[in-house]
Amino acid sequence: MHVARRLLSLVLTLVVASVLIFCVIEVLPGDPAAFMLGMNAQPEAVDALRAQMGLDAGLVSRYFTWAGGLLTGDFGASYTYRVPVAELIGDRVWVSLPLALYALLLSTIIAFPIGIIAAMRRGKAADYGIMGATQLGIAIPNFWFAMFLVVIFAINLRWVRAGGFPGWEDPLAAIGALTLPAIALALPQASILARIMRSALIDTLDEDYVRTARAKGLSQGGVVRGHALRNAMIPVLTIIGLQFSFLLAGAIIIENVFYLPGLGRLLFQAINQRDLIVVESTVMLLVMAVVVVTFLVDMAYAIVDPRLRR
Amino acid sequence: QNTSITLGMQLEPPNLDPTGAAAGAIDEVVYANIFEGLTRFGSDGAVLPALAREWEVSEDGLVYTFTLVEGATFHDGTAFDAQDVKFSLDRARAEDSTNAQKALFASIADVEVLSPTQVAITLSAPNGALPFNLAWGDAVIVAEESAADNATNPVGTGPFRFADWVQGDRVEMVRNDDYWGEAVALESATFKFISDPTAAFAAMMAGDLDAFPTFPAPENLIQFEADPRYNVIVGSTEGETILAMNNGLEPLNNPLVREAVSRAIDRQSIIDGAMFGYGTPIGTHFAPHNPAYVDLTELSAFDPERSRELLAEAGYPDGFTTTLKLPPPAYARRGGEIIAAQLREVGITVEIQNVEWADWLETVFRGRDYGFTIVSHTEPMDIGIYARDGYYFDYAKPEFVALIDELEATSDEGARTDLMQQAQQMIAEEHVNAYLFQLAKTGVADARLRGLWENSPTQANDLTGVSWAE
Amino acid sequence: MISRNLILGGVLSGLFAVLAVLSFVWTPFDVETLSIPDRMLRPSGTHWLGTDQLGRDIFSMLMVGARTSLAVALASVVIGMGVGVPLGLTAAARRDGLLDDVIMRGNDLIFAFPSILIAILFTALVGPSVWNAILAIGIFNIPVFARLSRGAALSLWSREYIMAARVAGKGAARISAEHILPNIANLLIVQGTIQFSVGILVEAALSYVGLGAQPPLPSWGRMLADAQTLISLAPHMALFPGLAIVLSVLGLNLMGDGLRDVFDPKLKRGRAR
Amino acid sequence: MSLLSVQNLSVQIGSVQILRDVSLEMAPGQVLGLVGESGSGKSMTALAIMRLLAEGMQASGSIVLQGEVLDTLSERQMCMRRGRNVGMVFQEPMTALNPLHTIGDQVAETVRLHTKTGRRAALVRAREVLDRVGLEHIGLNRFPHELSGGQRQRVVIACAIALAPKLLIADEPTTALDVTTQGEILELLRRLVREDGMGLILITHDLAVVAEMADEIAVMQTGRVVERGSVDDVLLRPQHDYTRALLAASVHQPVRQVRLESETVLQVRDVRRSYPGARRLIGRAPPVQAVRGISFDLKRGENLGLVGESGSGKSTLARALLGLEPVQSGEIRLGEYLMDADASRALRRRIGVVFQDPFGSFDPRWTVERLVAEPFHLLDNPPPRRAAVEEVLVSVGMKASDADRHIHAFSGGQRQRIAIARALIIRPDIILLDEAVSALDVQVRAQILDLLAELSAKYEVSYLFISHDLSVVRAITDRVMVMQLGQIVESGETEQVFTAPQADYTRQLLAATPRLPEGVAN
């Protein structure tokens, strides 16, 4: 029941978002055809190209063509590249998605242990140290951090490539190429997550059922493992869900630093070239990603928390 | 022995059909490598025969007869013949053509196939520039069978055939073993697109790239120069970089004001500050390496004192305020900041607006909604734009138009030089725009690479002569 | 109790605020005057933090940049609060009603657009500018404040003192203004400082990719973008603006933490375990 | 041999002394009642015995359980004693169980911690224990939120007794429960003590509960045990002043003049109120019928009681009477006017309210002056605020100068006085008291009841007195209505209903209510 309700509101959000995106982007100044043909183009050549691109159709009919296409996976053809948008996006997703997941993985791997340590050593030196470090981690802009990573590891030490993406034919090289960007992205995420982990754990350790468990004879560590951690996952999950949007935003910028052919770079490039259909589809996809992740996180609550099942 | 090369480019071509879009990046990938025209540019800008072995001009200058090479085939195996030439040229000048340089073909009245290896082009008026026009990337010869798909799967007659395009990352091409001409040394070539200058630097430094023919960050060249692994190649381009002024807008319609602007600008500090020393100062809209060039920089020598006087004379003792719209290239963005500061010194306040190309084309170029803008005119020999009616800087003075008309109709070299110099003089004296510098071509390459173009008479990375040293 | 966090955070953020205000009347050098021969100088007695690629004094640029960063972040927090809080309060007052639903779904919708997407769309629409950055970050802040204030207000609406006010015949608007708003003010202030720091970070990111402040207005993010290609030639150009961002964000976050400790003694109360 | 012996137990946090020289003694199979007002240190004593004090609290003194000295054991050893030798049950059944684990696992956890049984065997044991506490029909794989409060409390007890510890400490195990459920839980505890020979420390603030359950009583005040002895000794022959005061307050009867006039100030006819059901994908679940057709009259100066267990709809009815929520049918008349959700201010002026939570019913940011004067919003021409507030404060036994202070500066009893002052300031005809004394200590409660009686006589206000506490209702009302599942099952003169209940439900309620033995001194 709950799932169906959330699903309905998800679909509604996406529909409204698609209208919004389409409207905003279609009123952008700049004509894709004129851009393609440049300074010396003659007006009739531009008009001919507009007709070829299907830009002379009405706004409403173009919306339905586009939105209908979204449903069937046919996003139309890129104005500039002249290839199906789905293909363009399909290629880029295989960079952006692994990058986001890699960063998410890194940040959880880092954040969970240090968050737990800080919570269990509350008020001790380790806690202060970790909290100080995470404050710093949050404050460092990831693109700045990325710049220094490139200088140190790619230019000076030459451990990894400075950027670019070799493709997944060579998985090791691909992962290598994503490592620095993922680290840059993961730093602030991990810091935030560690702080949330700590405070969520501290909160749950104050709960009555923890006291009950202690009265059963469970040790402090046993309580954390057996009771507190899983309960603390609820706020942590929320934050992971919320952070996804930041992760995407960060990825858009980081892709530029490391010239990764991901969705973010596609978006910037398409905006500059007024490849509107690519812009619309990419923005829609990113928005969809945020909405779907939020939905999945909601669903994940139900797994963690039996009160939300059914 | 290394037989492949990886080149860096800042901009990715939107598609790979040079006859359907303006982007220079298309030519940088395909020109002379995949596609060929009847004629072509050499590295020094000379017009050389290509698919046309030779040509003859009729007495009245109206009919050009081209003799084609034999044995050439397109990459898809179809043979190249005169029919393809007719098809390509007719397509480019057709009513519904989407050729970005349609004007190049404006003088053509008819294309006639005389034999499979002979084509006659009839002009509506004499035009000495026809071989030059046909050397452009927009005039390459395509096959009827494959023309429609050239955007994503270019099929030409060149020494390389297209292999793969990973959008957003690279284009790959391999040697065409059936090439009609002299075989090339390289077996394969990859063009990698790296828009971010820092990333470009890092990629070059890390050895991911063999060459970056037009390196986007001149500031980093010192470091390459200091490194024996790299060769820094500095040459010239056809790009006259100007501070364009809207001649139709108050107060820039006043020649005194325009002179004041020109004189307020210190070219050398712009070249140093924005281009880190790369670039040749110019005083008019003409490339300094052209034999017909006259050095007119003195007409607008840096003199803020005089500039202020001129402003006062023109009735603007306190200066004025206008916009400065800057397209994305570094010369514009960085140069704009410096120019804004220099203009402020004489009392002119400019409001900087960074715009994307698409926006620039629409608002500045087409809409003429601007005060100043900085742009590099990279087409070769393009002083004729000053004669265009309604062009974005809105000059087109009748005397100048007459001059250009005469130039078009003249084929005698001496007379042409004279006319071109008159034209240079006229726009420089009128201070139509503030002429800044000729854009340098600053490239970086592996020290063992041979045969890369030094100059850039057109935007191209001609790989036919490129090889690795032993 | 005033915590160490609050003092350290207050001092750091105060420092930047003072620099920003001071920059109106005095900077060591004029940031609009270029001096190409003096470009990329290392830090020295004259130029405390060196000069940039156009020979401008980096310390002066940082001072004016602080003004830009703080102004953008502040304005966007004001937008976020100004729109978000009333929305959240209204939603809470009409809890479970249609209006509540509409407001909260609207929030979800905005929330689905990462700030950078909003900024990209705005830039494409009206060109890049500080206003664009303010609006993008401001819009992004709206759902943050709307959700926060709705959540907090909802828990207050079930309090008995709200019931008492309703018995006294007061309407939802009046109760929201008299009882709810003052009681969630602490929360809003804390969140405000945090969004303030997020604003500085996002502004820097936007300016870095060219969607924020435009020249000649100095901005930390743009200084970083300019420094980028010069990072091996003149590392100080990238170092100092970055540090300015880190320290100001750190200061605000510490202040937020400190304020939370002051406002919410619950966190300090140790209970039997 | 004694089961537990606590000698000179002291606890302090920093320099604040929380427990001072607490000494307790109990034999196996005995029930020790630990009573005392809120904050007297009952819970601290229990936690100190379990060695579960929060960090930063120092305990001293000796605790001997079954001949073993507990206070020198290491934390590890102590973990092995907890749950096996001594079990503990806490007050809040709603939060004492981990919401994410099944009840089976939670009971089995105790078993698995202390014996080397596998999960299956432990679950078998858990089943047995749950059967013992009367949850035969509840599956092991249920989650706490799927159980009622009383059932949850049984699960908590099952966790504590799974290994049949020799000592069980129950800290206010029934405070959060209904009288009927409370009765069942107490009965369960009594049975376990009897069957297992287990010792039980029962902590409560309710003397009547101890009177029914305990063998011995210890009375605590400000961290000290002031009196210890057998139930009869302590209750019937109290030695210490504090014990005497406590007992007196527990059986306190306010002096009231019964003055029934014929004028009806409130007339309620067939009021129904239902809440919309939970939302579904399309439409909603069937509505929750909270109040199902209630009718009654309230006369001027009359004190009318409304009792019934939790969830029976008392507060819902109150909100409807206050015009805070619409009703689905029926009518509420104040004099000749109809009261509904958009009633005029003039109408609202006739009815005031005092809520249960003395702290939560005041905006912490306002001064008492503003708080008390808030109902002036209902008047067109309010009198000068300051003077009116001072006058009413004095009339409820506060100082005029209290008007300048904030609410956190007052004790619970004082806060409730201020709440009454707020209700009184515009002289309503009716004051609704929804659980107005439930959160107060017995002694404070006695004072407030006296105050209410006095004010009712003085200003001729009518009270609708809502409570689940029968003894309080009996003490202060003239007439009483008993509510169950949204309906009134019985109503009549208070004494008559209490002595000769007609409805089954009323009888059940009365039977479940613990009573102090006859003869507890006034």
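Going by the order they are written in, the chains are A, B, C and D; count residues from 1 in each one.
Keep this in mind: contacts are C-beta pairs under 8 Å (C-beta built on N, C-alpha and C of every residue); 3 or more make two chains touch, one makes a residue touch a chain.
The chain list, named the UniProt way, goes like this: A, C = Peptide/nickel transport system permease protein; D = Peptide/nickel transport system ATP-binding protein.
Remember, it's a predicted structure, so these values are computed and weren't measured experimentally.
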item: Farthest chain (mean CA position) relative to subunit B; value: D
item: Whole-Å gap separating subunit A and subunit C, where each centre is the average of the chain's CA atoms; value: 21
item: CA centroid of subunit A to CA centroid of subunit D, Å; value: 50
item: Inter-chain centre distance, subunit B versus subunit C - centres from mean C-alpha coordinates, in Å; value: 45
item: Computed distance of Cα centres, subunit B from subunit A, in Å; value: 40
item: Residues of subunit A engaged with two or more neighbouring chains; value: 29-30, 147, 155, 211, 214, 220, 256, 271
item: Where subunit C touches two or more other chains, by residue; value: 124, 228, 231-232, 271-273
item: Residue list for subunit B, restricted to those that touch at least two other chains; value: 198, 356, 359
item: Inter-chain touch pairs (all); value: A-B, A-C, A-D, B-C, C-D
item: Of subunit D, residues touching subunit A in the complex; value: 50, 52, 75-76, 79-84, 87-88, 90, 92, 95-101, 109-110, 113-114, 143, 145, 156, 159-160, 279-281
item: Complex contact set, residues of subunit C against subunit D; value: 159-161, 163-170, 179, 182-183, 270-273
item: Footprint of subunit C on subunit D - complex, ascending; value: 43, 47, 52-57, 319, 322, 324, 345, 348, 351-353, 355-357, 360-365, 374-378, 419, 422
item: Interfacial residue positions of subunit A with respect to subunit D in the complex; value: 1, 4-5, 8, 207-209, 211-220, 222, 226-227, 230-231, 304-307
item: Of all residues in subunit A, those that touch subunit B in their complex; value: 29-32, 34-42, 44-45, 48-49, 51-52, 80-83, 88, 91-92, 147, 150, 154-155, 158, 161-165, 167, 256-259, 261, 265-266, 269, 271-275
